[in-house]
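Every chain is named by a letter (A, B, C, D, E and F) in the order it is written, and numbering of its residues begins at 1.
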Amino acid sequence: MAKELLMHDVGEQVDLFLLIKSATKGIASNGKPFLTIILQDQSGDIEAKLWDTSDDEVKMYQPETIVRVAGEVHNYRGRMQLKIRQIRPSSPQDGVSVSDLLETAPISKDEISSKVTQYIFEMKNPNIQRITRHLLKKYLQGFLEYPAATKNHHEFVSGLGYHVVSMLDLAKAIAELYPSLDKDLLFSGIILHDLGKVIELSGPVSTSYTVEGNLLGHISIMVNEIGKAADELGIHGEEVVILQHLVLSHHGKLEWGSPKQPMIKEAEILHLIDNLDAKMNMLDRALKRVKPGEFSERIFPLDNRSFYKPTFHL
Amino acid sequence: MAKELLMHDVGEQVDLFLLIKSATKGIASNGKPFLTIILQDQSGDIEAKLWDTSDDEVKMYQPETIVRVAGEVHNYRGRMQLKIRQIRPSSPQDGVSVSDLLETAPISKDEISSKVTQYIFEMKNPNIQRITRHLLKKYLQGFLEYPAATKNHHEFVSGLGYHVVSMLDLAKAIAELYPSLDKDLLFSGIILHDLGKVIELSGPVSTSYTVEGNLLGHISIMVNEIGKAADELGIHGEEVVILQHLVLSHHGKLEWGSPKQPMIKEAEILHLIDNLDAKMNMLDRALKRVKPGEFSERIFPLDNRSFYKPTFHL
Amino acid sequence: MAKELLMHDVGEQVDLFLLIKSATKGIASNGKPFLTIILQDQSGDIEAKLWDTSDDEVKMYQPETIVRVAGEVHNYRGRMQLKIRQIRPSSPQDGVSVSDLLETAPISKDEISSKVTQYIFEMKNPNIQRITRHLLKKYLQGFLEYPAATKNHHEFVSGLGYHVVSMLDLAKAIAELYPSLDKDLLFSGIILHDLGKVIELSGPVSTSYTVEGNLLGHISIMVNEIGKAADELGIHGEEVVILQHLVLSHHGKLEWGSPKQPMIKEAEILHLIDNLDAKMNMLDRALKRVKPGEFSERIFPLDNRSFYKPTFHL
Amino acid sequence: MAKELLMHDVGEQVDLFLLIKSATKGIASNGKPFLTIILQDQSGDIEAKLWDTSDDEVKMYQPETIVRVAGEVHNYRGRMQLKIRQIRPSSPQDGVSVSDLLETAPISKDEISSKVTQYIFEMKNPNIQRITRHLLKKYLQGFLEYPAATKNHHEFVSGLGYHVVSMLDLAKAIAELYPSLDKDLLFSGIILHDLGKVIELSGPVSTSYTVEGNLLGHISIMVNEIGKAADELGIHGEEVVILQHLVLSHHGKLEWGSPKQPMIKEAEILHLIDNLDAKMNMLDRALKRVKPGEFSERIFPLDNRSFYKPTFHL
Amino acid sequence: MAKELLMHDVGEQVDLFLLIKSATKGIASNGKPFLTIILQDQSGDIEAKLWDTSDDEVKMYQPETIVRVAGEVHNYRGRMQLKIRQIRPSSPQDGVSVSDLLETAPISKDEISSKVTQYIFEMKNPNIQRITRHLLKKYLQGFLEYPAATKNHHEFVSGLGYHVVSMLDLAKAIAELYPSLDKDLLFSGIILHDLGKVIELSGPVSTSYTVEGNLLGHISIMVNEIGKAADELGIHGEEVVILQHLVLSHHGKLEWGSPKQPMIKEAEILHLIDNLDAKMNMLDRALKRVKPGEFSERIFPLDNRSFYKPTFHL
Amino acid sequence: MAKELLMHDVGEQVDLFLLIKSATKGIASNGKPFLTIILQDQSGDIEAKLWDTSDDEVKMYQPETIVRVAGEVHNYRGRMQLKIRQIRPSSPQDGVSVSDLLETAPISKDEISSKVTQYIFEMKNPNIQRITRHLLKKYLQGFLEYPAATKNHHEFVSGLGYHVVSMLDLAKAIAELYPSLDKDLLFSGIILHDLGKVIELSGPVSTSYTVEGNLLGHISIMVNEIGKAADELGIHGEEVVILQHLVLSHHGKLEWGSPKQPMIKEAEILHLIDNLDAKMNMLDRALKRVKPGEFSERIFPLDNRSFYKPTFHL
């Protein structure tokens, strides 16, 4: 069972333990119930149908259940689907746990934690440093486990922390080339910009939006948190407003959910770095499965474009 | 001196005490300095030019100075201008104070205060009532004195409170026709929606934006304040998030500065009431000086439209 | 049979007389014909499928047929569907008539008629009054029976008259708060603004667009009717053009189908009142079926938003 | 005086009888009054300034006055201006009449009239023919004298009729290449499409918008007129609605003032022909004064583009 | 077999040789494979389903295969579908060839060729004439066989050449009415404007985009080709840049894929002629199957509009 | 004379040799001619007026003339202006040359040249390397001297080369963090992306657009050049089309002048790097003159935003 789910080409046989990510009941055109289930392992997810399902089966195959599935990968309207031949719930004897089947960031929580800690350690402005450290500590567990989004980019366990670490490394490289940038501001803005997601989203697995997330959004949530943190720490300098502004404006435009456009140089650059890292993540994931001389699936948040892999990219 | 500034038609002589609202130095095409000054009394403001100004005169005619001016109203490119014949700074003996010359809301601060207090008193939900009362009390003085905006609508002393009172009365009438509306939410949302302007703007006279106003805006400022108020009052109910959402979404669309669109019925209605009262204020002020059968000046925030006064509106 | 169609929750059994609103033939993936039918009673409508339909059945289950249906409500992709177990056409002995099963306005045609008549009676400007009375009389029957639209809001029998009455009451309340408004203009504009729908649409049941409706639209139709009415009544005052302008501009923007934006104060306010009443209708209908703490279905004309019902709205 | 106004290059001396198209009073930066006047002859118009004007001069140089002017053409911010050395009102002895100085269409009113009459004569559908003839007859004088617009294209005496004749000839040529087109509809649509301008605009000279023009616009005005004409002629066929639709939709898009987009083939083609003839007129007028190898002034309604005249266009 | 595919109404029996245009495998809701195939003859194409297909059948019914099909036309969601009763691959004895079943332009390749040659022959500017002749000769075969697009308009064999000939005839008629137009430029621009499609597209049958077509597009491809042609012919006049500009700008706007808007009069007119001929083609094809008094299917590139055929268009 | 032009604050006296960048004649409101001249030295430029200019003076003060100017800096509507007290043309004895007064990149042409050469040297793909080297060599002089634009960013001597070098260094840093990027493609795309500007623009001083630049633009010009280079070098690999695509798509969106959006990962990243370096340049130049706690002038290409310099950025 070494070969992972998404390593299988169309036509290949699959026999794997997989995690049910979601399961939706439907009525087939012959009037009988069926289930549409999304199955995943660490390599990603795939859709499958379960026809003529009994009520027992519907109860058996709930989200977050581990199952053993045998079947064949086929192509349905340009997307891969799994045609199930056999399926059964796993038992404790199988020795498979949920965490074995979740996609996770390529670096560990420890690495993320120590890298971010180091960046905070190097900050020179004490107000910025204290606020950043305070908020990271307050929400550390979520920061290390949550995805950065429910879909599109970094939508996996520890995606949030991994995205932040990539952005910090990128910011460091850019700040060396443009020394007028205030590294403290930039690093703090990066660490805090999406931290509100630990309140906006429900958790690392089967992620959805909380009521507070829907009504306020991670941007307003974190702007409030920065205000509270400053109050608790007794910090009154302009750094507080500036950090709030960096978080507030990091979507770059009003129509993308930032109530103010960037008005600080580091806010503008934070937005660009966020954009660049998210796009690299989407592009790399989309092109991973594409052969030279072919086009990728359409990537919705990139204006629904297909990307081409040149033939000389062997 | 009974006849106010804007009651004069083109061609009429003026001899009035006026307040300098702003004064900008320029260089005329003959190379000599001149001042463009905006003069106001309670009826509104008018532009005037002061030619060949000496350095002494520039210092003498600063904003917030009271002057006595004699001159003639004329029409310059479709806008009224005052052609100054004589001007001198007022002296204490003239017995004119700044407040005599400022445009103010048609109802007094006391009336505003007692009306709003009454609306809060009638609220039934204690969480909503307590947060609203707490924040109004905290920022009462500004609430009673600030304008609702630097331009466009309710841009006069006590404009903020007057706008809120008009909206409250309108909300009450609407809620009687649509009884499914939650009056507590609606009234509280109206009282709080622009309260952040007392931090966003510099003050009731010669109003400009503060740094915090520029970088965060009155929406984010008040969302934070609601969070702090709830913390201080020990309130944890969903009312907190809902009130924050009402303030957050009251501009109605992302591109108008709300990071979330309304997702609560009362939030949608709050936005519509705000809109209706602001438009009525702009329309009434623009049409006040227009004769039946004529078109008004263009009103910029109303898509730059001119409005027509029907000939039968005698 | 006291419990109406939409009062049933998912999983409940249904046994009701229902009206077929529409019926569309399809071919199932097994190559056999089936019918998609929309069934309704006064509480609203629901979709159902009829599998393996014979030609006789297709003829039997035409729109505007009353049927007796037994089955179960289930959830299909987030929308309710009726799974039919038994179905038969009703016979005269069942004693059920079409009007028993149509959704209608919450107030009667008589009430609508007398309220609108009263508003006309109170008008002071004789030109406005006579044109309004003339056109209402000419199209009274349609005005009392038509829906206000084919979908989105007030899409039920007498929806047009009900929408107008709500708007009139709202306009009256607003005009009391803003006494500069010309009530005659406002009331007449409200009564006439959608009256062209009695020509644009096919009728109160199974409503569709007429050719004239498609090619000209209710706005141009009614602008023409006002011109004709004035000619027939020998009225030449500016009121004619102003009333035409109110109808012409009531969609508010060119891209929403008004060839001119409002250029009269009452035209602007008419547009806002129309908007507010339509939104209240959509919001109340969407939230009616939602439990506290849940989100509604997406409402397409409200920018496709979901609305949340607070948990304290018990 | 053979050389016309716009035939003069920058730097040349001018001594001509000219017509004052408009005159606006201003106050110079030295506090003295001046007049900005637009002067025209048949070749076009030019701006000039009259400094230190007395009240008598202001009264003397009103719009539609003929004056004799000596001066020099110079270039002011990329536009030609006339620097006046001497100016006096013309006297009857000068023997110059207003019509000598107005720009007019290159073909006479008689030609326009007989060409359009011929096109109507050739129509085969009696309903279309009768409505078209009726309306042309009703508004013939205005049709032959009005401009097609106040600015941008065909903004000269008889511009409306000339524009229509050009479009008719173009439509005839197109209909020969695409024989599926209904020539009667196309010709009638062309003759009527802008005829409402004789009500929308004030007249052939110093043209401005009437109140009816502002509030309803030429499209709605003519749609009403077609309805009235059909009533008076007792015509009830679908031709009436179709002709109304052609006029209604001829601006092509909602945001360009058509409340319906074209839904008839001939309506779509009418829009394209209108567009093509207007653009040819604008392009020819703009390029007339440009030398090979140079760019024209920016043409506002053509997306503010400059057009280049190739060097090989000698 | 005289009656062609699209001449059949819903409900009629079909027994025809048809060409498979495309075939896509799917999985039915009973878990069995099926094929969605598009069948065509010279009158157009229609969709059909083949249920429970074996692997052999999938191989047998590939695109560009000729089959004999018996079945019935029915209506599926407003579009025609063919319900197959019998199907078999054709054999050589049937005597049917692919070209018998392809939709082609209504004029022959020879006619296209001789008409275009004549237009080039009449050019007076030798630089324009030589470049045009050179490029037409280089890509003549593709020019005579390719469609003008993969869908929307002129999407049939020889569609490109036919579109160009229609545009040339139209341009000639227009240039006679507006003699300021440079006919050489206009004719050359028309001949070259879409010629890059012979590189952008894969060929006349089952047309798709090439990699070069996707990454560069026919506009950039042809601009390059004009540059190369001029180099090879040793032509250095401004005509080269002007012709490149005509091709570059013929989509009219940046957002439609032209990196420059038209800045030459003939470039603007070329864009309008292209537009007019494409729209006539779409409208005629859509209205061909519509009866008087009915609306056509929605035409996507015409803003998704339906067009109405008047009842008097018998 | 050590203190440069833009180092002077408002109110300070200036006595400097300056270069006339542009000179425009106007007519003052007293009827007398004047000149608006832009004066520059290496620190930037400033506007000044020369009143009552004689014809001789107009000839004397042409663009690219060196003058000695004494005067005072003052503030005119929020922008700095120079009030001239004395002015005279420089003579050879003054020993000032044009190059002494031009703003130039902070690194020398030699440095630019050797850095770019080194990047080309390190390329591994011979096709990419040869095309890049060939085109750089062909246009080397312009590449080292031209600005990157006529305004907005890098609008100074050697701005093009400096912009490319900054982007190359940035690309190198990014490629180290995201090793999936093809460095050869990225570096070549950066070197070529704006190289067409040496044909689009007139030269390094008083830069304007050439006719070819206006009609084709630097993007199409360089796409052609890559095609020609590949022909001359006999290169036929897919690298040619890919490099053309990188140049073609580097503006990122159709409405920004790219006829194709990026469809290669490196094309997307090239666009982001171009964007980031241009914005850093604009931000640094705008903030250079701003004191902590103040807002910059509005930066037009950054959505016309003002940027704030935090008070703690001492």
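Going forward, a residue touches a chain if its C-beta (ideal position, glycine included) is under 8 Å from a C-beta of that chain, and two chains touch if they have at least 3 such contacts.
In UniProt terms, the chains line up like this: A, B, C, D, E, F = 3'-5' exoribonuclease YhaM.
From a predicted model like this one, the values you see are computed outputs, not experimental measurements.
Looking at the partners of subunit A and subunit F together, the chains they share are B, E. The set of chains touching subunit B and also touching subunit C is given as A, D. When the contact pairs of D-F are matched by residue number against A-F, B-F or B-C, more than half turn up again in B-F. Centroids of subunit A and subunit E (each the mean of its C-alpha atoms) stand 44 Å apart. Counting partner chains per residue, subunit B shows two or more touched chains at residues 29-30, 211, 214-215, 238, 242, 263-264, 295, 308. If you draw each protein chain as a dot and join the dots that touch, the picture is not a line, a loop, a star, or fully joined; it has some other shape.
A list of each chain pair in contact follows: A-B, A-C, A-E, A-F, B-C, B-D, B-F, C-D, C-E, D-E, D-F, E-F.
Taken together, the subunit C residues at the contact with subunit B in this complex read 125, 166, 169-170, 173-174, 176-178, 180, 182, 185, 237-239, 242, 261-265, 268-269, 272, 275-276, 279-280, 283-284, 287, 295, 302-303, 305-308, 310-313. Contacts from subunit B toward subunit F in the complex involve residues 24-27, 29-31, 211, 214-215. Listed in rising order, the residues of subunit E touching subunit C in the complex are 28-30, 34, 49, 51, 74-77, 81, 83, 293, 295, 308.
Interface residues of subunit B facing subunit A in the complex, by the touch rule stated above, are 211-212, 214-217, 219-220, 223-224, 227-228, 231, 238, 241-242, 244-245, 248, 254-260, 263-264.
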